[in-house]
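Letters are used for the chains, namely A, B, C, D, E and F, taken in the order the chains are written, and counting of residues starts over at 1 for each.
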């Protein structure tokens, strides 16, 4: 049985703030716990939305938007229920790292989790078995984290169930990010996305920037998108006002460009730039000498640059660039 | 006597690539050395320029521009000499950190260095006593590193010697960054800038972005600026073509805004935005709970936002924002 | 097959000292081993007692008492056999940590263990499959470790088999600690206690202090208690002389009090103090500022304080206090 | 010039809370600061008391008492000024360590500090040059920290200036701890005590427990003692009510008992116990085997046990016990 | 499905160099990969040989020999195919450690691996399921690594299938190391050897020195041995020229000698020395004092010393010496 | 004043074993000490020899030889005094590292030390100011440590005082290592050698192997050499029996060969091999790919190989080889 217990009732009317308490015995606290912050806003009849951030601990637009919503939304504005978890992988969020410092597990690769597993596996299991079943619509915020940078987009997946895909796609468009991406995941094993979709829920995810920071602009996209989604779901009053969004697609493996050496990265194109197949995208200079030729990386295909390696140094095997098509 | 020895002659005609070799006995190499890459391009008569990057190890526009220049400039294009050190604090550059992992020393706070000091102090001493005296003009590249982000600017200091200040200011304008900043350092003790200026040299520094990354745009500013500067100095042929640059000034301590608590940072203004005194610049949300009010930070003065804290999490005492005036 | 091998025979008459040798290939010893010290004292006919300490590596009354007994008990004083393992989780004991530094596993949460698992899982498996089956009575010493502090008590569990419970309870009373606790574990999964009891053995455990220290007083309780237990089992001659003991019970989840913020802990009641429901037990002061109100924690119920958080700093989720009833 | 700046005026009337801000450039914050919390309570005419805790970061009675006093004392209760710094070595306090995690420096061994030194040396220098000169009386709280445990005492030093010694001794007695110790430091170089006394101030220090914890009892001694001292100084109204206190003295080097091997420590006497020369105080058992004789440590002299090694494991060279005389 | 993908075709004619790319999401590269270098040389008809080094990351004769072969062998010299992986556990090789720094797993104890396991388990699975099935003969290089030192030998195992054993033994003799060892593994669970042999392949392994170094002599043995093996398999032209080799056997558990205490190791016999049962092989001196008797370790049996503990310090449980018979 | 105190008298007749106790306050022991083992053997009239090992903590021939001598030499065999310190930099010796884990200081580069410095500086100061002045002759054992390997030699320095040089050279020859080296140190600043020679003492040092191990052969050289030296000094009876020794010289900076890239080291010559100028000594293969040419390092001069880089991986700047002349 999953040992996580909420310190507040998940169905209490009004707005309540509390924690998901997960017992965690360790050297620095024999009877300690992981305390994942949680807000529930419930009022009247209507659907339930589960809004999550901090699935990876170094992505900040989601946590910012969800703190603001948990603070601003009054119960009487709601028809139904909003469950908000801004810092889903709380130990990773506190450490500012992608994966958990407790067990080195990537929360978004360990669904459906295990009730008797490591700390991160227990968190996955609790979301999968307890919170997701309560929800009609789920929004999980992502950005590039400390090592990737993205054009800001909301995303939905190509699904076998076309009715579900249509629901997800409509929700993605309602979110109203500057870009909208239809994705066919090559390897969706272990993702929260897959676990939620497998329960038939309407699911939207995002990539809203990266580098382990957030800007006023990207935070505003996240806040506005979440409000739009709640309106789209009928939980907040009014209609979503998504505005224009550029539709994108990642058609295949050749979208991804990987480094084959270590070094100093010189980008030759920036996010949003249109690129042509064969065009140089970046150079890698030797990190230990001058006077040696750089290694050049060229575009595999035409398109626009939607993601890039963020740190100034690159390691062999890193994804340097992703090209999508409009 | 400083133990650093160059593996190439500093006055050899033509273009030579080598290392500054600094013996460094340590657990993983009893008779090891730090090898700082170095290029010297010498041809004909003319002044000597010393171009440095990697003074802080997590700032990348300088290293990129200097690798490209060391690769591209042919000796016959030069009248005089260019000494290029793209990775000045080499151990920090390899580690991707601001300060050296060897001794935890900030190179840019330990000038004039010590010949019998720690590794970083020896590097400072060698630049101060050997390389800077060879130079007529010195360009030291900086950016914000992993924890700050800047509008791209070149900078010169207010100096007691007004003739020297005029030389530096002219060189700054020749660099041609989008912004140009006249700075009056509050605490210049230990800086490379101060050490170079104390020797009467023409000195330009920069802040060209930050976050521990570089973009195609900021790298291009660095490359173009360095070429402009070498033209301005008469080392490369032709005139500098700086284009337009916004002139800026940091008039006092109230430009700087410091956090007084830890938390999740929500920026409310972005780099380059004009701001008014009293306007909210950012909120800090609690990192451990929902439902608590954020701490708001307001602008001390009118101006434009020229620097900001980069990471999504903030610690008490961090500089969150810098406002300059036009 | 479990790779642990004892270096001495487990059934040799007389007193022999040796090791449980567990092969452990690792970076600093390709063909290394974990060597868990072990004493066997066997003489004449009678039952077998298994005495263990160091299940958690930062609890010291058990190791002290068992070293002294292994040193002092002469074979001719024994009718039957005493198997003594003072440092059960030996790598944790050497490191002075609750869980093993080798695999970060809590030995007392991984029973019945795995023969092909990590180092700690192999230790659990060897006790479960080899040593416990040899024993009629098992005494496992615990204290609070570095992060908890307890009133000194021996304990037995409420069990489904009431005859077994009566045996355990009688042994607990024979131990003769100042306090005696009947426990109904909420979550006994993976505990050594549960594994031993599942084999029908008579089992006693203790909590004899804490903080990662031992005092002359608590060490004496441990030594006297172990001797009493061996007399009670008929292995040492004479009768147990338990003296007075206060009987205690932990009736439910509201015995436990958890922190919901980080900070500096100011205790307002000490171990053994009688408390009333609603009475302030502790304050938590902010760790980063003065002038802010402390968070106060009040007692959930009447009773006496039997356990407390030990370190001066507290983390959100830590158990601050446990109240038992007489 | 010392770079520390208070964020509040040190002479503002009323009660103000703020920080000593010390700029600290580092990998995780290029323009970061150490923020040492500070409270100033000033009202009417009278002397200035400087009250400090957290000189060592793992000693908690002082921080607790000073947080409570900063919270409770109203300006109108004061005649003169109280400057309260509960977490003097703030980085060490946050880390829960004796010495600073920033530079590994023991604050209490680096006085008078250096304005251009490491973080801890700058803190020492600021206290020495700025805060202590403002004070008439200084109280610096200590306890044993994570590795020692003490009988609770206030202390004064034998000084060359007998008038100053009489002032200090009177203040110590006014504090009213259960024990009072006159100390002749063998090696007082670098201590805050010495730096304060060298400025002719009235100085009291304490040892109020240890082990890295505080109890309700020891925290109460600290709070009551600090109030007594402020009354004694005439800053708070009323007279000190010290109650009974046992007077103690540490007459020489033979008070201290050091281990000459590593192992598991079995104490044979507890704090406050009277001991006789030659009496066994502790045994050290081998940490890696059973069946080997323990090493026994005997008392060098008659007296009472006033301090002891706290952790259950001991390292060669550790101080195991201190005996004082009444 | 195993996520590893080769960047080159495994059956392309000619000589191609590339990588086995294993996606590895982690804090310092969200979309990073492990890049294991690989060379395939294919030409004409003939068997396939798989040559591997770096199974343990601190053993160097294999990597050196395989780099040289990948560099020197021309496609036209080959009849069949040679697949060369010099750095099998690439993360361990880069770190210079026996086990992987990524997951602390010993590659040679985790076969047949798991497609959905940790990084090292995925590598094992890819070799087991993809590369070994392609091979007729497999040569896996080992040496003693940083903590053991061996006489240089090639080895084959006693197998149930005597025809396969004869093939392996013939290949071992063709290798032509100075010594040749027939081994009966006590515990072969999880070894690459076992996994290869279970697929009916001809398999040879080696121990060619140790200490985390290689010499000109041991590297030459490795290079010559690998060429001999390829000739023996008919992949390179000509016959193997093994020269003389001393045949050895490890007949039982008493070949191994384990330390029972920590200390400073004084060897009394060197590799290759003949020894007699009862002869002192080494002394262990206390690491913390002088004037105490050393512990002496004596030979369990007659034979010659074929392996020894390498570091100057020894830990209890380390294997100090292995004696084989001629 | 240096805080180190011996626990035994340095002039007591007979043989006494004890410690140099150096108080060292730290997080894990507030009143802890470093305990450096020490043996004094004094009897009759005669000179004083100071014998030291463990100056670097990963060199083992010296510690082994000195433990054996401290154990074996009986007082009545001595005319004069022998002071033996086998583990001079005790914290480094326990950690198995070249430099101290306490302060990262290389003991052999910090003489004459500081009484108020770091732990290692205090040790240097105590030897310089207290122990060396007591001695007539000093023998300091070295080997290559974990990262270098040497032909076994004793060494003396070219000194300005030719009489002293003759004394040292005679003592070196009396030691009787297989090789004897006359050295002219390029940079002798901070070495124990220099400090001892500056006091006019007869001084011998050694390099007896390396790699962080010792063999039966190299340990025997050390033991025999130390006994020879004591006989040569007239402290032990009889004459030194040095046997044959090859005389060597390192004539200049071109003896040393440094790497200019990272990689996998393939040695092409072994210790003791005669080499010719221009002959390849080693290759460095890329650590991250196959199919790229190795970097070759050639001999600067004729001679024999007397030292080499030990680990299988090499870093840019490491000393790969040293060639001496006969």
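Rule of thumb we're sticking to: a contact is a pair of C-beta atoms (placed from the backbone, for glycine too) under 8 Å apart; a residue touches a chain by one contact, two chains touch by 3 or more.
Here's who's who by UniProt: A, B, C, D, E, F = Deacylase.
On a predicted model such as this, the values are computed, not experimentally measured, just so you know.
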Next item on the list: Identify the chains in contact with subunit C as well as subunit D, in label order.
Entry: B, E
Notebook entry, point to check: Both subunit A and subunit C are touched by which chains?
Noted result: B, E
Next item on the list: Go through E-F and B-D and name the pair with more C-beta contacts between its chains.
Entry: E-F
Notebook entry, point to check: What's the chain with its C-alpha centre farthest out from subunit E?
Noted result: D
Check: Which chain's centre, taken as the mean of its Cα atoms, is farthest from the centre of subunit C?
Finding: B
Checklist line | Length of the line joining the C-alpha centres of subunit B and subunit F, rounded to whole Å | finding: 43
Check: Can you give the whole-Å distance between the Cα centres of subunit B and subunit E?
Finding: 49
Check: When the centre of a chain is set as the mean of its C-alpha atoms, what distance in Å lies between subunit B and subunit C?
Finding: 58
Margin query: I need the residues of subunit D touching at least two other chains; which ones are they?
Written below: 19, 35, 58, 260, 288-289, 311, 316
Item checked: Complete list of chain pairs which touch one another -> A-B, A-C, A-E, A-F, B-C, B-D, B-F, C-D, C-E, D-E, D-F, E-F
Check: In their complex, what parts of subunit E are in touch with subunit F?
Finding: 15, 17, 19, 35, 37-39, 58-60, 63-64, 66-68, 70-71, 84, 86-87, 93-94, 96, 149, 211-217, 219, 264-270, 273, 285, 287-294, 310-313
Next item on the list: Quick one: which bits of subunit E touch subunit C in the complex? Just the residue numbers, please.
Entry: 56, 58, 97-99, 106, 109, 144-148, 187, 189, 256, 258, 260, 311, 315-319
Check: In the complex of these two chains, what residues of subunit F are touching subunit D?
Finding: 3, 7, 19, 21, 23-35, 116
Next item on the list: Going by the contact rule at the top, pick out the subunit D residues touching subunit E in the complex.
Entry: 260-262, 288-289, 316
